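Here come two complexes built around chain A, the first alongside chain B, the second alongside chain C.
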Partner chain A sequence: MNAISAQAAALDQPVPRRAPSVPSTIAAVAGRSLRDAIRSRWFVLYTLAFAVLGLAVSFVSAAGAGGAGLSGFGRTTAGLINLVLLVVPLMALTAGAASIAGDRERGMLAYLLAQPVRRCEVLLGVYAGLAGALVASVCLGLGVCGAILAARGMRTGAGSMLWLAGLSIALALGMLSVGVLISVLARRASVAVGTAVFTWLLLVFVSDLALMAGAVAMRLRIQELLTLALLNPLQVFKMWSLHAADASLDVLGPAGLYALDTWGPWLHAVFGGCMLGWIVLPLVAAGLCFSRRSPL
Partner chain B sequence: MIRIENVSKRFGRTRAVDSVSLALPAGDSVALWGANGAGKTTLIRCLLGLLRFQGRIAVGGRDVLRDGKRARLLVGYVPQELGFHDELGVAEAVRFFGRLKGIARLDAEAALASVGLAGHGGKRVRELSGGMKQRLALSIALLGDPPVLVLDEVTASLDAVGREELVGLLGGLSGQGRTMLFASHRPEEVAVLARRVAVMERGRIVRTVLAAEFASAHQGRAVLHLVMAAEHRDRAVRSLTDGGFAASLNGVGVLVHVAPEHKAAPFRLLARAGIAIDDFDITPVPERTP
Partner chain C sequence: MNRRRRAITATLVTLAALWSAPAAAQTHDAPAARPADASPRAPLGELGRRIASAPAGSTIVVEPGVYREHLTIDRPLALVGRPGAVIDGGGSGDIIEITAPDVTVRGLTVRNTGIDLDKENAAVRVLAPRATLESLVLEDVLFGIDLREAPDSTLRGNTVGGKRLDIARRGDGLRLWRSDRCLVEGNTIHDGRDAIIWYSTGVTVRDNHGRDCRYGLHLMFSDSVTIESNRFENNSVGVYLMYSTGVEVRGNRLTGNRGPSGYGLGLKETDRFTVRDNLIAANRAGIYIDGSPFTASIPGTFTRNTVACNDVGVVFLPSARGNELYENNFIDNIDQIAVAGRGDLSANSFFKGERGNFWSDYTGYDLNHDGVGDFVHESQTLFENLMDRNPSLRLMLFSPAQQAIEFVGRAVPAIRPEAKFTDEVPLMRPVEITVSAPDAPAGAPAQAIGAALLLIVGGGLVGLARAGRSATGGVA
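Here is the complex of A and B:
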């Protein structure tokens, strides 16, 4: 071996060492993300607010029904659906938006990515940790609500509550994906959270108004109206919740009736597919952007 | 152990790193020396796979872009400042990064004790001083005993005492056969830690010299650390550079390299520019310790 090849061998000499597995890295990042979320005030405040508002809505709804509990789709479930529509997307969007952008601003993201990790592992870990915190928050909020209502002898329908919890979690995961995408794209945490709040306003209020205005001004056909409604995950959640609670979709007007007529027994699959799209597509987009953008 | 081949990195029209090649055999210790904007930090970020670049960098034969995870397994990295979540516990941070490095059973207290942080494991990161945070970063960098240490101006934001302690710790490590690549503004760090010095200017390595040669070139020179209000620092660096001094920003002020007979000149120059100096310290550039 000549001197040059000896030096080259010294330079490239591999050191036998095993990199941690993908699940192990994701679990480590998820654990940190979950602990950070639980430590931060948003988790406690949102969970408390969700539980308190849920109880208030339930008691008011039950009182409106003359104190008699309602099985299946009732005032309580309807009230809780509206509460979930307001609180859960806001919670998930802001949590997701603050995650990557906050770490980037602190310099933590660059430090983290300087460790033996892949970017997709970090992103999935952050997502999994926040998803865990959101699931816990939704379950605690609705669980406390359901338990107190049951203790007070108000029947809310266990099946309805379970469906509502499941669909709330699906909505939270979808909104978390959107929040994480915003976080990956934004340079600063404040911009990311601001954009998340704007997105929430857009989905909760503006899209409804725009849909109504569009239907009148552009004379949208019923199938176009339904398609546009399905593009909003909150509308998907609303329709799916009502359908799951055995309520007739005619409460949603012609679009609901059209959906029932067109898809009938496939409605769960259609709503599920839409929601899955809202969970997966923004997360995939976030992954692609995250792998290309500088963490600095 | 580290092979950097024809690496270039552009930010828009600016060439931050321009066709840089550098090879560090196992056990070598190289200082990247140069003013702010010379490309030292960018080169380190390329080596860590944080930035995409043209060219090739391999650590232990592993390409940092194509096989980044395994390449970084060989690297312990200490940044200029630690950006941890303030509420994170010190021992918890060590355990977290230990898991990322695949160390299942980790004695966090022992890792902390190895850098003089014994008994601090129960604290929150926000309770640590700047120097202690850097030592925490060093203890994390040393987890898993990586053969390569990469340091990016690790003493820039420290006071004189913190700086001396950290350089002392690093000096102990440099003799243990690790390959070390570090960026520095301070000749005294270079003299203690490096075997070779790669001098960078405008993104290029303009020359590579032995640390002993570098030290003798800086013999008798000193580094003035001028503390001043943040809004004056950029103007001070410009005034000093225009006045013929090698000046650069650091965490809390401005560093100026001065010849023995010109130690007061920067003060006069800044006074004429109307820039008030709040405090200063002066560090003689030491001779290299063999």
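Here is the complex of A and C:
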């Protein structure tokens, strides 16, 4: 609220002749949204939960290794990937879903749009601010895990932690886009958050279980299985982080070998393209809906 | 076929040899000619002439310099290179052929063989017993050292570097064929196809280092072989024993052997084997057991090994029976024990007397503090069972759906699969194992740097937001 009043005050005082430039408007909205997010309860809770669970994973797996100086794709990285897959999409989806819809319910959106700003600037600003908060949360959570692992003498590859963090951020951005889209479409905040949780459930469990059932019951061919899996951003994140951070994709059996064989050096591009699609397309859709339909 | 061309080539080779002879200490980088076909009948170079005129039992010292020659050593003598002595094959044929017993070759660099797989172009080929090859550096070679019916030979401290070709076009870095009682010690073999031992009894392979090959070490029909303190890493297969009897594998490090058939240690129809004190880590499959032991009444022994961080710890084919695994550490393998296809492991035992193995996924406890868990260790997760039956489901590894399935498997006994194996006396602590093979050099603490970077970025963002808030608050 402070930020808004400050902004309103700033707009009142000098009576600008020109409308403020697009980047500065976005930055102002983003700054307000970042501050709101970081001081909100969900940010603190998710970051704490992420860090604590990550710590548990790190401690347990470091204890199991028996100090044999082992390097390899063990349960540590697997555990961290698993954790990211569970927590980060939930965090991003709910944060995105609560954003516009919440502002709308509180009357904040009407206030914001009454300023000389374009709708898509507001949307982008909200997105950027939430993205900043998510980046902070992921970095803090994984950074704590990495520090613990380093202190306990795990010898994983040089950049593997950074890769994992970068890809987690990419996943968070993609899920945030979806969340914002839900938020723009939903009429009420509670509906938006509910839909976000349902989407999370769909992506995390239902689609994978359906794929597995399909693989067993319908005898899907390897390439069909792989293509279907690539539609799920969570699977893209998982495969990409396996490919980039630590192990080779052959961990994933025949499908992984098929991916390695067919795309080889283009794998980063393939995964990157899929992820980029999940970041950009929902955001564009959200932008279109937000500027076409009556936002209030 | 083309006599005239051949004659010209031969003349050029002779000229090159004559030119290089008086000034052997100089290095002539520009080859005078690239011989299309260097047969043993080609005119002799300087070294060739010295060998031809040397009495049996003498020592020929090779001064530094590059010798573009193909040598045949047909009498027992020693060929000893001073540092900087290089024999260059000019990209054709074999380079040194030894046809007499009791020959010693030491301290030379031999490089640039042909790439003809049909003729098996080798840097050093030995066709007679009791050869000693020491401190040789073989570079850019198709086959490195090729022993054919050369028993009682010693290969020590050599380095063999293969040609950077597609794996199917490479040759074997080391090959022993019907060469009993050889000693292979302290060699380094990289970028070759296989290091392979055929039909040779009583060979000792010790302190070698093999990397980036197809098979680090491959035994075919070779009995009473000792494989000790070697390091095999980043090959397709670390050590593969086939159709051999009486093999001892101890103190080796087999790590990072990956690919579609990536195994740390594979055993096919091998008998009377002992595998102990090895570290087998980060392979696609740590140990692969196919029809071993061949004679089920003589147990195969796996003890005091650390099998860690592999995709699958041990893969059994359904035909495997009569193996005893005890006092091993199975740590953090994604799938600790797998049976390829359907089948069970009831014909193998996972404990001996009161000592089982250490399993990092054991969930029991030890109330009486005797070091042995109070409950049996059974592996029966539903997802592993599904993966064993339908390998394409491995795609779903590490996803939360995997945990969901395993949870369902635990919660609903009706669909819980049969236990693959039972360890009745699982150990509570890892067995202390000293692996005699040297450890790979440790990497820098890059993890700490990465973690610090992440913390700085995260903390910075939060700090920025908070600082911005208080600043605007102050203004307002």
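The rule is simple: the second predicted complex is superposed on the first by the 265 of 296 C-alpha atoms of A that agree within 3 Å, B and C clash if a C-alpha of one lies under 4 Å from a C-alpha of the other, contacts with A are read in each partner's own complex, and residues count from 1 in each chain.
Quick note on the criterion: contacts are C-beta pairs under 8 Å (C-beta built on N, C-alpha and C of every residue); 3 or more make two chains touch, one makes a residue touch a chain.
Computed from a predicted model, the values in this text were never measured in an experiment.
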{"item": "Touching partner for A:131 - first (chain B), second (chain C), both, neither", "value": "neither"}
{"item": "Touching partner for A:146 - first (chain B), second (chain C), both, neither", "value": "second"}
{"item": "Which of chain B and chain C A:114 touches, first, second, both or neither", "value": "first"}
{"item": "Which superposed partner A:286 touches (first chain B, second chain C, both, neither)", "value": "neither"}
{"item": "Between chain B and chain C, more extensive residue contact with chain A", "value": "C"}
{"item": "First, second, both or neither for A:24, with chain B first and chain C second", "value": "first"}
{"item": "Partner chain(s) touched by A:90 [first = chain B, second = chain C, both, neither]", "value": "neither"}
{"item": "Touched partner set for A:39, first chain B, second chain C, both or neither", "value": "both"}
{"item": "Chain B versus chain C as contact partner of A:100, first or second or both or neither", "value": "neither"}
{"item": "Contacts of A:189 with chain B and chain C, given as first, second, both or neither", "value": "neither"}
{"item": "Doubly contacted chain A residues - partners chain C and chain B", "value": "31, 35, 39"}
{"item": "Touching residues (chain side chain C, partner chain A) in the complex", "value": "255-256, 258-260, 262, 279, 281-282, 284, 306, 308-311, 329, 331-332, 334, 360, 386-387, 390-401, 403-405, 430, 439, 442-448, 450-455, 457-459, 461-462, 465-466, 468-469, 472-473, 475-476"}
{"item": "Chain B residues touching chain A - in the complex, by the definition given at the top", "value": "1-3, 23-26, 45, 48-51, 58, 60-62, 68-70, 72-75, 77, 79, 81-85, 87-88, 92, 96-97, 99-102, 144, 147"}
{"item": "Partner chain C, residues of chain A touching it in the complex", "value": "2-3, 5-6, 9, 31, 34-35, 37-39, 61, 64-66, 68-76, 78, 81-82, 85-86, 132-133, 135-147, 149-151, 154-162, 165, 204-205, 208-209, 211-212, 215-216, 220, 222, 225-226, 229, 234-235, 238, 242, 247-248, 250-257"}
{"item": "Residues of chain A touching chain B in the complex", "value": "7, 10-15, 17-20, 24-25, 28-29, 31-32, 35-36, 39-40, 103, 106-108, 110-118, 294-296"}
